[in-house]
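Letters A, B and C mark the chains as written, and numbering starts fresh at 1 in each.
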Amino acid sequence: MRGPVRDAALAAFVAAALALPMLGFRLVDSASGLTLAGRFDLVAWAAGLVFAGRLGLRLLGGLLPSLPALPAPPARLGDMRRHAGWALTAFALVLPFLPFADRNLVDKATLVLIYVMLGWGLNIVVGLAGLLDLGFVAFYAVGAYSYALLSQTFGLSFWVCLPLAGLFAALFGLVLGFPVLRLRGDYIAIVTMGLGEIIRVVLQNWQDVTGGPNGITGIERPSLFGLSFKATAPEGQRTFAEFFGLEFSGDHRVIFLYFLILALALATNLFTLRIRRLPVGRAWEALREDEIACRSLGINPTMVKLSAFALGAMFAGFAGSFFATRQGFISPESFTFHESAVILAIVVLGGMGSQIGIVLAALLLVGLPEWFRELQQFRMLAFGGAMVLIMLWKPAGLLSRRDPTIRLGDAG
Amino acid sequence: MEYFLQQMINGLTLGSIYGLIAIGYTMVYSILGMINFAHGTIYMLGAFISLIAYLAATTIGGAPVVVALMVALFATMAFTALWGWTMERVAYRPLRQAPRLAPLISAIGVSIVLQNFVAQAQGARVKPLPPVIQGGFTLMDGDGFSVNLSWMQIIVIVMTLALMAGFSWMIAHTRLGRAQRACEQDMKMASLLGIDIDRVVSTTFVIGAALAGVAGLMVTLYYGVIDFYIGFLAGIKAFTAAVLGGIGSLPGAMLGGLLIGLIEALWSAYFSIEYKDVATFGILIMVLVFRPTGLLGRPDVEKI
Amino acid sequence: MTRPLLAVEHVGMRFGGLFAVNDLSFEAGQGEITAVIGPNGAGKTTLFNCITGFYKPQVGRMTLSHPDGASFLLERLDDHVITRRARVARTFQNIRLFAKMSVLENLMVAQHKRLMAASLFSVAGLLGLGRYRNAERDAVELARHWLERVDLLDFADVEAGSLPYGHQRRLEIARAMCTGPLLLCLDEPAAGLNPRESAELNVLLRSIRDRDGIGLLLIEHDMSVVMEISDRVVVLDYGRKIAEGTPAQVKGDPAVIRAYLGEPDDAETGRPPC
C-alpha cells in the first residue's frame, strides 16, 4: 500500500509544481497594465485529482493485472469487417430519413464525411505509401479555391469544376512532390508542413486573386442535373422542389449535400480498395515497408511516391471543392496547419491503412466534439487529450489488422 | 548600408532565439529520431512562465528589476524543464517501441492540449508587457537613419552565446554528454554498456525545454507581447533551423537559427513582410533538395 | 569469344580516405556460380552495392552483357534501372522483405514491371479490363512456381515477417527470381541457416544455375557452401583481389591462407578457410 501512495504523492507533487505558475496565477489586464491574480485553489485541485487518479490506476492495475488485454481477433475478422463496412454504408444511406435525423444532425454527418473523405485521401499517402505528409490541407485549399475561382470567373457549374479542381490539386501534388519526395522519412514531414504554410500565406496575401484574408464569398451552390435548391429558380432552371412537386424546404439542400459527399467519399473508398490490389497499390505498400528492397526489385521509388502524392492530392481537391460549395464562402482560415494535423490524426488513430478505422477515428475526433459544442472551450483540450490517450492505448491505431490483397486460391 | 546593418542586428537577435529552440529539436531528434512537435509549445509556456514570474517578483515581492529578471530566468528554466520532463514521461516514453508515427501524433496531441490549456488558464488575448530593459547604443549615425544596438539585443545575443558555449562544453566533456553522444550513435549498444537510457532521454528533454524556456523569456522581454499561439510558428521555424543546420549538430542548430533569423529580417526589410515565411520555407526546401544533410550535418552513407 | 555476363574492370570505391574496394577486376559467367569470399571488412558487400547500383564507384567499369547482345554499363544506371533493364537481382545480408505483406504479395511486387505494363500503369486494372486479369493470373503462376521451388507453397498467404528465419531467406531468393534476372546476386544467403537448411540452399542454388541457366554471384562466409557449389571463387582482402580460381585452387593458395589465418605466429586467432 505504501508504494502506490508514495508514487501518487510524487505525481501529485509534480502536478502541483506544473500547475503553480500556469494555473496558480492568472494574468489580468487592468488599467495599470498586466497584474496577477492568485488562484491557488486550482493548484490544489490539480494535485488532488492527479493523486486520486494515479492512486486509483495503480490500485486497479494491481487488482486486475490483465484488464487491458483484448480478446484475440477471431480468424474471420476480415469477413466481419466487410460486413461492418456494408452495414455502415447502408446506415449512412438511410440516415437522413431516420426519425431522429434533423437538419442539424445531417449537417454534422456531412462534416464528418468530409473528414472521412480527407482521411481516405490522405490514407493513400500516409497509410499506404508511408509518406508522412503534414501539409495535406494545401491540396484541400487548392481544390476549394479552384472551384471558387473557376465558378466565379468562368461561370462553370459545380459538376464541371469538380474534376478540374481534383486535376489542379493533383498537378499541384506533382509539382510540389517532385523536389520533396526524394527526401527521406521525416524530412518529408517538415517540408510538406512548410509547403502547407506557404500555400496558406499565399492565399492570405495574394489579394487580387484570392481575396486575401477576406476570402471568397457567394460561391455558387451545386444543382442536381440542373435542378436548383434555391427557393426560386434562376432563369431557365427549375427548382428541385417544383420538379418533384414538393414544398420548398431548406432541408432538401442539406440532404442533397449529404448525399453528394457520401458519394464522393464512397468513390474514394472504392478507388482505394481497388488500387490496393493493383501493381501501383502494392508498390505503395512495399515502399512503406522497405524502400531499398523496392529499388532492388526494379521499382522507381520517386515515381511510385509521386503517384501516391498526386492521387491523395486529387481526392483532397475533390473534398475541397465540395467544402467550398457547401460553405458558399472560403478563406485561408479554414486551411491552417491544424486541419492537416486533424486529418493526419484521423489516419493514424484509425490504424494506418484501415478504411473503417478512419471512419471510426473521424467520428471520434470530428463527430464527438461537434456534440459538445456547448463546451466549446474544453473541446480542443479533449481533442488533443484523446489523441495522446488513443496513441498510448493503441500505438498502432484502432484497427490495425491488414488483409492480404491477393490469396493464392483467389486468382486462377 | 545603415539600414542593412540594422536589419542584420535584428536578424541575429531573432536568430539567436530560434537557435535556442532549435537545440531542443536537434537533440531529441538525434537521440530518439522523432520530431518533438510539442517543443514549440514549451517555448510558449516559457514565455508565459517568465512573464508571470517577473510580475510576481516585482508586484508581489517588490523586487528590483534586476533581481526580478534573475528570478524570472531561474523560475522559467526550472518550470519549463519540469514540463519537458513530464511530457516525455507521460506522452513519449510509453511509445518508444511503437510505430514511427505514434509518438508524432502523441506530440501533436500534447501541443494541442497545452495550447488550449494556456488559452483557458490565461485567456486567449495577447499579453503585453511594457519594456523592462530600455536604452542601448547608437553604433552609426547616417543621414536620417541610425543603427541601434539595444541592451536587450545585447542580452539576447550574449546569453545565447553563453548558453551555447556551456552546452557544447557539456556535450564534449561531461559524463552525461558522452552518454548522450553514445545514445545518438546506437541506443541498444549504449544500454548494453550500462548507460541508463531513460535518464539520458529525460535529461535531453529537460535541457531542451530549459533552453526553449530561456528563449521564451527573451521573446517576452524583447517583443513585449505574447499569446498562446506563438509556439506554433516559432516551433516550425526552429525545426527548420535545426534541419537547415544539419539535424543532430549543435553548431548546426545555432547556425540554422541565425540564418533563418537573418533571412526573415532581410526579406521583410527588402521584399515583403507578408511573404517572409514563404522565403524561410523556400530556402529550407532548396537546402534539403541540394544538400539533404543540412549545412553542418554529417553526410551519411545509406546502410544496406 | 562471347562476352562474359558480368565484367568488372578496375572498380574502386572509397569512403573518406579508405578504399573499400580497390582496383578490382573479375568476371562472372552465365550458368556459373561465382563466389566472392574474404574476411570481414574485405569489401564484399560494397562490391555488391556497386554492382546493383546502390553505391556508385568512383573509378572503374562494370559491364553486363545479355545473350541477345545488349549490354549495360552498370555504374551509369540507377539501382532500380539496373534491376529493370539490365536484369540484375539481389538479396540482402540482413533480409529485407516487405514484412507486413503476405508471402505471395512479396512475389507480386517483384513482378511490378510486367504488371504495370499489362495494366497500363494500373488504369486498365482500375477499370477491371481482362488484359490485366490475365497478366495477374500469369504473375500468380510464376509466384506459385517459385514458391514450389523454395518449398514455401503452404505459406503463400502468411505475413512475410512472421516466417521463420530460414524461410525468409528462401523467400527473398524467390522474390529476386520473380524479377526475371540474368544475374542473381546473393549476399550471404547461408548466414544463420542450420546445416540442413544450408544443404537445401545448395540444392536450390544449383537448380537455379542449371534449370534457369542464369549467372549467380554469391558472397558467402559458409565455406561448406562456397566450396561445394561454386564454379569460380574470387578472394578479396582489404578491397583487393588476392586470388581467383576454382575452389580447389583457391583453397591451397598461400595468400588466401594468410588472409584468413593471419601471419603464421598468430594463426590461432584466425578462422580456417574451410
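Keep in mind that, in the parts below, a residue touches a chain if its C-beta (ideal position, glycine included) is under 8 Å from a C-beta of that chain, and two chains touch if they have at least 3 such contacts.
Predicted model only: the values in this text are computed from it and were never measured.
Nearest to the overall CA centre, using the mean of each chain's CA atoms, is chain A.
If you compare A-B with A-C, the chain pair joined by more contacting C-beta pairs is A-B.
Compared with chain C, the chain whose C-alpha mean position is the greatest distance off is B. Chain centres here are Cα means. That of chain B falls 48 Å from that of chain C.
Centre-to-centre, using mean CA coordinates, chain A is 30 Å away from chain B. Each chain gets one centre point, the mean of its Cα atoms, and the points for chain A and chain C are 44 Å apart. For chain C, residues that reach two or more other chains under the stated contact definition are 54, 92. Multi-chain contact residues, meaning those touching two or more other chains, occur in chain B at positions 302, 304.
Of all residues in chain A, those that touch two or more other chains are 292. In the complex of the two chains, the chain A residues touching chain B come out as 14, 17-18, 20-23, 25-27, 29, 33-36, 126, 132, 179-180, 182-187, 189-191, 193-195, 197-198, 201-202, 204-205, 292, 337, 341, 344-345, 348-349, 352, 377-378, 380-381, 383-388, 391-392, 395-396.
Contact residues on chain B toward chain A in their complex (touch as defined above): 29, 33, 35, 45, 48-49, 51-53, 55-56, 59-60, 75, 79, 82-83, 86, 90-91, 94-95, 98-106, 108-118, 120-123, 125, 127-130, 232, 236, 239-240, 243, 272, 274-275, 277-278, 280-282, 284-285, 288-289, 292, 302, 304.
Note for the complex: chain A touches chain C at residues 271, 274-275, 277-283, 285-286, 289-290, 292-301, 402, 404-408, 411-412.
Interface residues of chain C, counted against chain A in their complex, comprise 52, 54, 78-81, 83-84, 89-90, 92, 96-102, 104-106, 108-110, 112-113, 115-116, 119, 121-122, 125-126, 132-133, 136-137, 140, 144, 147, 153, 156-157, 175-176, 179.
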